[in-house]
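Please go over the structures that come below.
The following pair of complexes shares a single chain, subunit A, combined with subunit B in the former and subunit C in the latter.
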Partner chain A sequence: MIAFKNSFRELLRYPSAIVGLLVIFILLGVAVYALVTIPYSEAIRLWRGGEDVWYQNPKYASPEWFNFFTSKKEPLSFLANTADGSMTKTVTSSTADISTVEMTYSFDYTYDDYPQEIILYFSPKFNEKLPFVSIAWYTPDGRKIRIADIAVDRKSSYRFSQDQKLQKSLRNEDVMQALFVDPHAENPTVVKGQYKLVISGTTFEKDSDLDVQFVFHGKVYGLAGTDKYRRDILLPLLYGTPIALAFGLLAALGTSVLTMIIAAIGTWYAGWVDELIQRITEINLVLPFLAILIMVGTFYSRSIWLMLGVTILLSIFSGQIKTYRAIFLQSKEASYIEAARAYGASDRRIIFSYLIPRMIPLLIPALVSSIPSFVFLEASLAVLGLGDPVLPTWGKVIDDAITDGAIYRGLYYWPLEPAALLMLTGLGFAMLGFALDRVFNPRLRDI
Partner chain B sequence: MVTDTRSKVVKGEAEGARKVLLSIDDLHVWFELRRFGFGHAGYVKAVDGVTFDVHSGETIAVVGESGCGKSSLMKTILGLYKPTRGKVIFDGKNLSELDSAGMHWYHTRVGYVQQDPYGALPPFMTIERILEEPLIVGGVKKKEEREQRVRRAMEEVKLSPVADFLPKFPHMLSGGQQQRVVIARSMIMEPKFLVADEPVSMLDASVRVEILKLLRGLQESHHLSVIYITHDLSTVSYFSERIFVMYAGNLVEKAKVRQVLDNPLHPYTMALLTGTSEPDAKNAETFKEIPPGEPPSLVNPPSGCRFHPRCSKMIKGLCEIEEPPDFEPEPGHLVACWLYK
Partner chain C sequence: MATETLTTSAPSAPVAKKSASNSTFARVAKYTGIRILTMMVTVTIGVYLTIMIANMGGYMDTIIRNEVRDNITQSMLANPAFRNLAPDVREKLIQEKIASEIKRQGLDQPFAVRSMNYLRNALTLNLGRAVNMISDHGSKEVRLILLERLPATLLLTGTSELILFFASVFIALSLSRRYGSFFDKMTIAFSPTSAAPPWFYGIFFILIFAGVFRILPFGGLVDSPSPTNPIDYGLNVLKHLILPASAVICSSIFLSIYNWRTFFLIYSSEDYVEMAKAKGLPQRDVERRYILRPTMPTIITNFALLVITLWTGFTITETVFLWPGLGITLYRAIGFNDTPVIVGSTIIYAYLLAITVLLLDFVYALVDPRVKVGSGNSQ
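Right after this comes the complex of A and B.
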């Protein structure tokens, strides 16, 4: 315990260790935050829920903070709803059956670009007669544009830019451009100011009612942007953190600890046990690691935990066993081991209390430094199309981005965000590992 | 005149009634040499026909140069090596016939003091843990009892104040203190028998006497039998009753300390004694005659008497042909040399 405290104090003398620890603590914090705030089922729902879950988000939207760095401010996304009062709704009954529902929404628009899409989701209440709505758009420069007059069926939605009638009447294929840009200006620019959407509905039944949700798809979204399926990339970035750390940590711990124990057992018992372990190691060294993982992923299961198991299994008998064996062969002959045998310590006690503790100083830096390689392995598998089909992971985001050609479309944020996190993880553990190596290794010199 | 070693020695003792604690009977320890990892390529005959008894409360020094097999002899006595032939009988029980419970019992009866105190202490354990280990292994379950025994053992080797030493690591201690810890560890199970393998050879001259006095004191207060292994004859007289001189896997001379030191009979013993330095100004002027050549290979030891190629008193036609048995030219003084037939 004292030795541990001293090592820790010594560790803090290295700036790289402090930076590394800071990075690791931040990642751990993110991991804990993700696990606490997003329950597993919720994460899966948000990741794999389908269009019903993601409809509110724009497609391919950059992160909102892009606006800080660009002179051209991109519109944010928002939504308004008559059901929760964020959009005004007035109902006036003219006769017993017929009533008018007037829904308006005004908003300040100060961005330099027009949005991606505007969608209205109607949720009417009626028995037989469909309510009827006419939609109008008021621009700050005083133009009034009639958008559409439609009958509203149950669960119907209206997408502005996909209405061909509207495209024709506006004489512009890009409806959004037509709605937000002054057509008479020399340099067509976005008109800033207060826009107003007015939906005048008429219901034809006594108990009929009409609600609408106004979904405004800007061009930037959230902290991390969105992908092809309108999914918020922040979710896999957050939820991928505990998965990446767990995978890296478990794989590193599993392989290095098991490798060490097996090397110690082989060295201690010598004879055929040692021979067997040596030969297994040599065979394992020529087995193609990635190819086996790909086969398992292709033919059996792509579950990340199965991959973890196979990774550990294939990494136990690694070249590291030879390194450990070389050192164990040396410390096996130490006279304190002879003393332990003379007072009757069992083989198990000698292996676990005398041989292995001596190696802990070597194990810890190696373990910490090997964590990122396993985190990267998980990402590599995902990029190769062998990522876990269920879990939102960093590698899966990169895979989606690459499959969708994000780089060629200039959607750099999409693959680069998880890549940056991967690099940060690597950097954090590597910096800590280097410092640990320097702290622990002077002691190893006097083995 | 060939005599039976055991009966003679017992008779030679003043207190002949002393019980035989350890009896070594025609002990051979051979290590197989392998060629390319499997083919047989002969044996290293580290111990080749050694016979002696140790009585309870007796101290014996085994003297010999490096590589003469004294460490192998000692490790076989400790049960670390299996004898190739012959018997090690402790308290009437043959070691090679003991089961694991029996060996467990044996390990608690025998203490082991090593040569290099720093190497003998695991560097990653505190002194408290080091001393506790034999107790844990020996099945002392209660933590309080273990603590108490650790304290008692440390007081016995004069490591005080005890509380200061308990949390320390071996590298924080001086060589003498480390050796005291090693001795405390060997004594913690309260053994009857102690094997001390050159306990002072790695220590400063200034602390050697201290450690030897400590061992002597422990031997007396616990009525221990001690086998003291050394290559340094000058420390032998401190607390040994008998000396065994070992050469190339054999004991060539067995006698009381004074007999050997005053009247060495075997030519090898004579040479050893000549080689011992006494702090005397006269020694600077005198030329000492030491035996020529190297200690023989234990794989192919010389025929007959193993010392004959280096011996100045070799009898041609006898020494190189036939191995000498033990002769007893004076009571209690056994020597394996044809000069005394």
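Right after this comes the complex of A and C.
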């Protein structure tokens, strides 16, 4: 225990260890936060839920903080709803059956670009006669634009950009541009100020009612932006952290501990056991690791836990076994082992209580340093299209971005956010591993 | 894995027993011969394991049965002699032919016998026919699809690995001389960046040099249409090679330099090196003859391990750079779910790994005095 404390104190002498530990603690914090705030089922629903879950978000939207760094401010996304009162709604009954529903929403618009899309989702209540609405748009410079007059069926939505009638009446294929840009200005500039949307509806039945949700797709969204399916990238960034850490830690732990135990058993029993282990190591050297993982992924299952198991199995008999073997051969001759043998300790006791514990100082740096490669392996598998089909992981985001050509289209935030997290994780563990190596490996201490 | 730590122990070289022949050549030849034999056994077992993994879901059998069924059905339908038969009679005939063909190919034999057949086919690169993919020359033979891609892969791997090897060894030597200098510290500071694989740097490189500055191509082997003049063609390929090769080099170089620098530093405190320095030998000679020469076998062993771990990484690097090599073929095969191509690539990769190990073993035999002099000891 004291030795451990001393090693820890010595470790803190290295700035890289402090930075590494800090990064790891932050990642652990994020992992815990993600697991506590987003339950597993909720994460899966948000990640794979379909258009019903994601419809409120814009497509390919950059993160909101982009606006701090650019002179051209991109519009934020928002939504308003008459059901929760964020949009005003007044109902006036003219006759017993017919009543008018007037819904208005005003908002200040101070951005330099027009939004992606405006959608109205109607949820009417009626038996037979469909309610009827006319939508009007008021710009800050006093223009009134009639958008559409439509009958509202159950669960219907109205997308401004896709209405060809509107495109024709505005004489512009890009409806958003026509709605937000000053038509008289020489350079097309966005008119800033208060916009107003007025939806006047008429219902034709006694208990008929009409509610509307006003969804405004800006060009920036949230802390991390969105992908091509309108999914919030923040979710895989958050939820990918515990998955990446678990995969990296379990794979590194499994591989290095098993490697060490096998090396210890081989050197202790010597003879054919040792010979067999060495031959297996040589065969393992020519087994193409990734190709076999790919085979397993395509033929059996893409579950991340199966991949983890196969990864550990294929990494046990690595070149590392030779290093451990060389050291075990030395410590096998040590006098305390001889003493243990003299008082009749069993083979198992010698291996697990005397040989291996002495090697733990060597194991720890190797373990920590091998974590990044396993974290990146998960991402590599995802980039190959063999990511876990269900879980939101960092690698999946990079894969989606690459398949969708985000790099060629200038959507840099999309692959770069998970990449930055991967790099951060890799650097954190690698820096700690380096410092640990220096603390525990006396040969390196002076160098 | 990129973070493979340096193994300071030399690998167990097979004992070259003192034979009647004393010539160095005979010893190296004998050593190489033994290595080729062991490597052949190793590859055979490795390929057999691959087949076992692939066949656990019965995939290998399905591939072959489907092939038989396709061939027979097509030849029967194409044959005008059978055209006038009633459909059910013809169907029965087809089924009979398929059954006899399956029997002829030994598919009804027990698995142990069958797997030996597969092993023989795999070892002779008789890899079957692809389901969906075709080679650039229009063939569906898996062997042709894969072998056609080999030159591009070898160009990329060969260039980047050779540059990586020589650059890191020589930079490490010069850093070990200037131990504690600014560049030395910088290398140490940068070495954790090797945690990321080449494709990861590839994304950044494409983004910076192709996306933002537009000075280098996004990917591919040559421009389309490709230049007709061979010199222009070569230059064009070189231009496309810069980004993928530098991504590979960048992802491993700092850790390699760090590892080798540390290794040289440990060795340069050996007594015989101190002795050589005390004698007043020039720095160059000390480095060449007293540090580099005795550590050469270990350097080569570690390089072999690095190359082996890099082979894995090339699959994705090629995919990211659209480099038309083996890796991207494997990636496409995953997309098409083309089982024969996936199994075939795995076998080809196993061969490539074995050849790499064998080549480096041969170089090892050339530089290891224990093999040459023949007074070797297996430890």
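The definition used in the following text is that the second predicted complex is superposed on the first by the 442 of 447 C-alpha atoms of A that agree within 3 Å, B and C clash if a C-alpha of one lies under 4 Å from a C-alpha of the other, contacts with A are read in each partner's own complex, and residues count from 1 in each chain.
To be clear about the criterion, a residue touches a chain if its C-beta (ideal position, glycine included) is under 8 Å from a C-beta of that chain, and two chains touch if they have at least 3 such contacts.
Predicted, not measured: the structure shown is a model, and the values here were computed from it.
When both complexes are overlaid on subunit A, subunit B and subunit C end up sitting side by side without clashing. In the superposition on chain A, no contact is made by A:197 with either subunit B or subunit C.
With both structures placed on the common chain, the touch criterion links A:210 to neither subunit B nor subunit C. Of the two partner chains placed by the overlay, only subunit B lies in contact with A:358; subunit C stays clear of it. In the superposition on chain A, contact is made by A:349 with subunit B only, not with subunit C. Counting residues of subunit A touched by each partner, subunit B versus subunit C, the larger count belongs to C. In the superposed model, subunit B and subunit C sit 60 degrees apart as seen from the Cα centre of subunit A, a figure rounded to the nearest 10. In the superposition on chain A, A:341 contacts subunit B only, with no contact to subunit C.
The gap separating subunit B from subunit C in the superposed three-chain model is 7 Å, by closest C-alpha atoms. In the superposition on chain A, the residues of subunit A contacted by subunit B and by subunit C do not overlap at all. Looking at the complex, you find that subunit A touches subunit B at residues 2-3, 334-336, 338-346, 349, 353-354, 357-358, 360, 446.
Taken together, the subunit C residues at the contact with subunit A in this complex read 1-5, 7-9, 11-12, 38-39, 42-43, 45-46, 49-50, 53-54, 56-57, 59, 179, 188-189, 191-197, 199-200, 203-204, 206-207, 211, 218, 262, 265-266, 305, 308, 311-313, 315-316, 319-320, 330-331, 334-335, 337, 339, 342-343, 345-346, 349-350, 352-354, 357.
The touching residues of subunit B, counted against subunit A in their complex, run 75, 78-80, 103-104, 107-108, 110, 112, 114-116, 119-125, 133-134, 137-138, 167, 169, 182, 185, 189. On the side of subunit A, the complex with subunit C involves touching residues 16, 278-279, 282-283, 285-292, 294-300, 315, 318-320, 322-323, 325-326, 366, 369-370, 372-374, 376, 379-380, 383-386, 398, 402, 407-408, 410, 412, 415-416, 419, 422-423, 426-427, 429-431, 433-434, 443-444, 447.
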